[in-house]
Amino acid sequence: MLFHVHMDVNLPPDLDPAQRDDMVTREKAYCQELQRAGKWPHIWRIVGEYANYSVFDVDTNDELHQILSGLPLFPYMDITVTPLAVHPSDLRG
Amino acid sequence: MLFHVHMDVNLPPDLDPAQRDDMVTREKAYCQELQRAGKWPHIWRIVGEYANYSVFDVDTNDELHQILSGLPLFPYMDITVTPLAVHPSDLRG
Amino acid sequence: MLFHVHMDVNLPPDLDPAQRDDMVTREKAYCQELQRAGKWPHIWRIVGEYANYSVFDVDTNDELHQILSGLPLFPYMDITVTPLAVHPSDLRG
Amino acid sequence: MLFHVHMDVNLPPDLDPAQRDDMVTREKAYCQELQRAGKWPHIWRIVGEYANYSVFDVDTNDELHQILSGLPLFPYMDITVTPLAVHPSDLRG
Amino acid sequence: MLFHVHMDVNLPPDLDPAQRDDMVTREKAYCQELQRAGKWPHIWRIVGEYANYSVFDVDTNDELHQILSGLPLFPYMDITVTPLAVHPSDLRG
Amino acid sequence: MLFHVHMDVNLPPDLDPAQRDDMVTREKAYCQELQRAGKWPHIWRIVGEYANYSVFDVDTNDELHQILSGLPLFPYMDITVTPLAVHPSDLRG
Amino acid sequence: MLFHVHMDVNLPPDLDPAQRDDMVTREKAYCQELQRAGKWPHIWRIVGEYANYSVFDVDTNDELHQILSGLPLFPYMDITVTPLAVHPSDLRG
Amino acid sequence: MLFHVHMDVNLPPDLDPAQRDDMVTREKAYCQELQRAGKWPHIWRIVGEYANYSVFDVDTNDELHQILSGLPLFPYMDITVTPLAVHPSDLRG
Amino acid sequence: MLFHVHMDVNLPPDLDPAQRDDMVTREKAYCQELQRAGKWPHIWRIVGEYANYSVFDVDTNDELHQILSGLPLFPYMDITVTPLAVHPSDLRG
Amino acid sequence: MLFHVHMDVNLPPDLDPAQRDDMVTREKAYCQELQRAGKWPHIWRIVGEYANYSVFDVDTNDELHQILSGLPLFPYMDITVTPLAVHPSDLRG
């Protein structure tokens, strides 16, 4: 079941660089583990912003919330989730 | 080069049904032709809305505008285009 | 799987009364059939508005879109869907 | 008398963890006591956000304000209250 | 129990003048009857707008919705309802 | 001459409690003095928010600004002022 | 007593030209009569819009509403009124 | 003196095609005449929208308003004007 | 050439009082010097807000930016500039 | 390929002046280097704001994101990117 997710990251510019690097490193590992598991099939950087559009493929709403609230950068993010359905024009639908 | 596109369709409820069916049929054919050409790799229906999130893969901004302004439903749509870049966490990046 | 849905109805004041009554009657029957089926467990009127907050219980996003786009008043509605998860403080969670 | 309430929690990421845990623990106890008393019949987590949609069942507006302003996390919340009425299509109405 | 209500009236400029006069006359009578009954204690015109701020004093949310949805101009209004509580600084509280 | 005023208070959660209590106490005294003088005939708490709707009765715009900018909590408030006129349906108009 | 007023005019493009000319002519006469009376000391066109910023000098809120609601173009306008006070830096204050 | 202008065109989909073509043809001629005169140095299509970003080079605000309000499509446009100054980093500044 | 300017001042409530007084004093002197020079013909306080509406009379956009960016309170302000033209109904136009 | 970019800079007023000067100096050098390379053909100051409208000429979305995210002031900016196409009325199109 697919969900469209917009993530907007707001890190304070004066954050301790070591803390920042640590969080960003853990975020990347967490993200790639979910890609390998097929849960996070798409992630794109929005040009000019510290933000991304992503698509998640999960079994339930609860699974999606567990994944998103576990993001290392979650406390610094504004997240908007939109449920997706098959589009009638989609050749793969 | 990828672009995220939000399309929101506003057809007047009292539109002539034949005109409506004709436009929707042509829209579907136009969309599927672009999918086959690899220009429109993703289209998802937004649950509960006559709207979609799409991803386009084009060579230039001008090509994208030509495609979007050629949509049979273009006069009835609100369209928002967001350029996408490779995300540093994307395994396929 | 639960979803929070906000439905805002915009019927033109000069709509033919017979057409209006017919749509509202079919909307009510459609809604109550889904309540009986356990798919639409909650519907509340928003005070002072021709609008409602509802909760749906469905198996998939596609099922929810099929239900919502089948509403007799769908062409006159603005709908916003929010996926819900179990709250950690919910005694029934 | 039912009210729909949207609560959006904004805890500063650098809040002292002990203070945070204490507040969250007290919030949960407060919430569950009101659930047991039948005052807070529904609470759902909004997927991807530190926020919830709730339904309260109270006798008066004053009682509702007393409950909400007494939330341990109240100083960190944006709260929006919407009064609800019986929907004419509600089978239980 | 008090509620703050904002009513914004949008009559189409080309509405038939007789129909308009009839609705406005019925609106005034309806409003004054509720004032006499103590249900609509305050109504103020917003300067420069065809809109008002009102305060209603009702027993339940359902009673308020019945009153507001019965307004002759209801199909032409945008209405926003805000529940009010006693303010701790109010000398009459 | 009547004015509708919306006051939204934003006190930082980590404000010194003594400073906070002092300001709130002075705010209450200031407010009640103006009620007694007939300048501030109505104040209502907005349910679920640290905010109020008020009505002021003053002779001039300048008098109203003097009153509002003198509020002890003024530096922490977002204030919106709307001038009111007699409504043609008001029985007391 | 001064008020800042923003007027935004929305005439339908297919309005009958004679009706349009008549309204605009009456609007101009009405406006200039109020300028001569000292009630409407300033009116400026907003560049690129069918809109203006104005300043009114009236004795009461009721007088201002009477003036604004009497504008020949009132049914086609969105109007926003902001009360003004003397600025402490104003040399003429 | 430079101004940034955003023009958003809203032509009704059911406009008479001959009237539409006539207006668009006159709009193009009007635009190109101003380009040749050096008054309208830049015009770009916004991808996916019937809208443009433009830059105008005029002597006064009044000249700019005269140009914009003379656009054949002016009655169907939403226009936003932003005055521009030389940027301190501009090599040509 | 006239410009309408909205200035909204956001001073942190815990700003050092001496620094605040110094800035406000310099702001007043700067403002009055420009009034005497005929560059800042109007300034009005917005009732209930630490904000003003002003009208500037300058020769160029660059002159206006130089004036506004030189305001002692500039780093604490949100400023919106709107170019003005002569209104066709203005008796002084 | 052209892109319209809006950059809004939010430097905290209490930023260390040396750090501020250093960043602004590096920003200017970075900007002028890109102007010389033909990548940043236009930059205009928005009058009254610490903001600019710019036009970039790049080969790909990824190149644009690399440029923008490398701005020395990037952590303090809100950036909005809009892809541009040739306008059919553009004489140079």
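General remarks:
Think of it as A, B, C, D, E, F, G, H, I and J in the order they're written, each chain with its own count starting at 1.
By our rule, a residue touches a chain if its C-beta (ideal position, glycine included) is under 8 Å from a C-beta of that chain, and two chains touch if they have at least 3 such contacts.
The chain lineup, named per UniProt: A, B, C, D, E, F, G, H, I, J = Muconolactone Delta-isomerase.
The shown structure was predicted, so the numbers you read here are calculated from the model rather than taken from an experiment.
Where touching is counted per the definition, the chains common to chain C and chain F are D, E. The minimal number of chain-to-chain contact steps leading from chain A to chain D is 1. Same-residue interface: chain E and chain F share over half of the residue numbers found at their contact. Chain geometry summary: the mean Cα position of chain A and that of chain F are 43 Å apart. Work out the mean CA point of chain C and of chain I, and you get 50 Å between them.
Centroids built from CA atoms put chain J at 27 Å from chain A.
Multi-chain contact residues, meaning those touching two or more other chains, occur in chain J at positions 2-3, 45, 47, 61, 64-65, 81-86.
If each chain is drawn as a node and touching chains are joined, the picture fits none of the line, ring, star or complete shapes.
Contact annotation for chain pairs lists A-B, A-C, A-D, A-J, B-C, B-H, B-J, C-D, C-E, D-E, D-F, E-F, E-G, F-G, F-I, G-H, G-I, H-I, H-J, I-J, with touch applied as defined.
Residue ranges on chain G touching chain I, taken from their complex, read 2, 4, 27-28, 31-32, 35-36, 42-47, 52-53, 55, 82-91.
Those residues of chain J whose C-beta lies close enough to touch chain B in the complex are 1-3, 60-62, 64-66, 81-86. Remark: chain A residues 11, 13, 45, 47-50 touch chain J in the complex.
Those residues of chain J whose C-beta lies close enough to touch chain A in the complex are 3, 5, 61, 64-65, 68-69, 75-76, 79-81.
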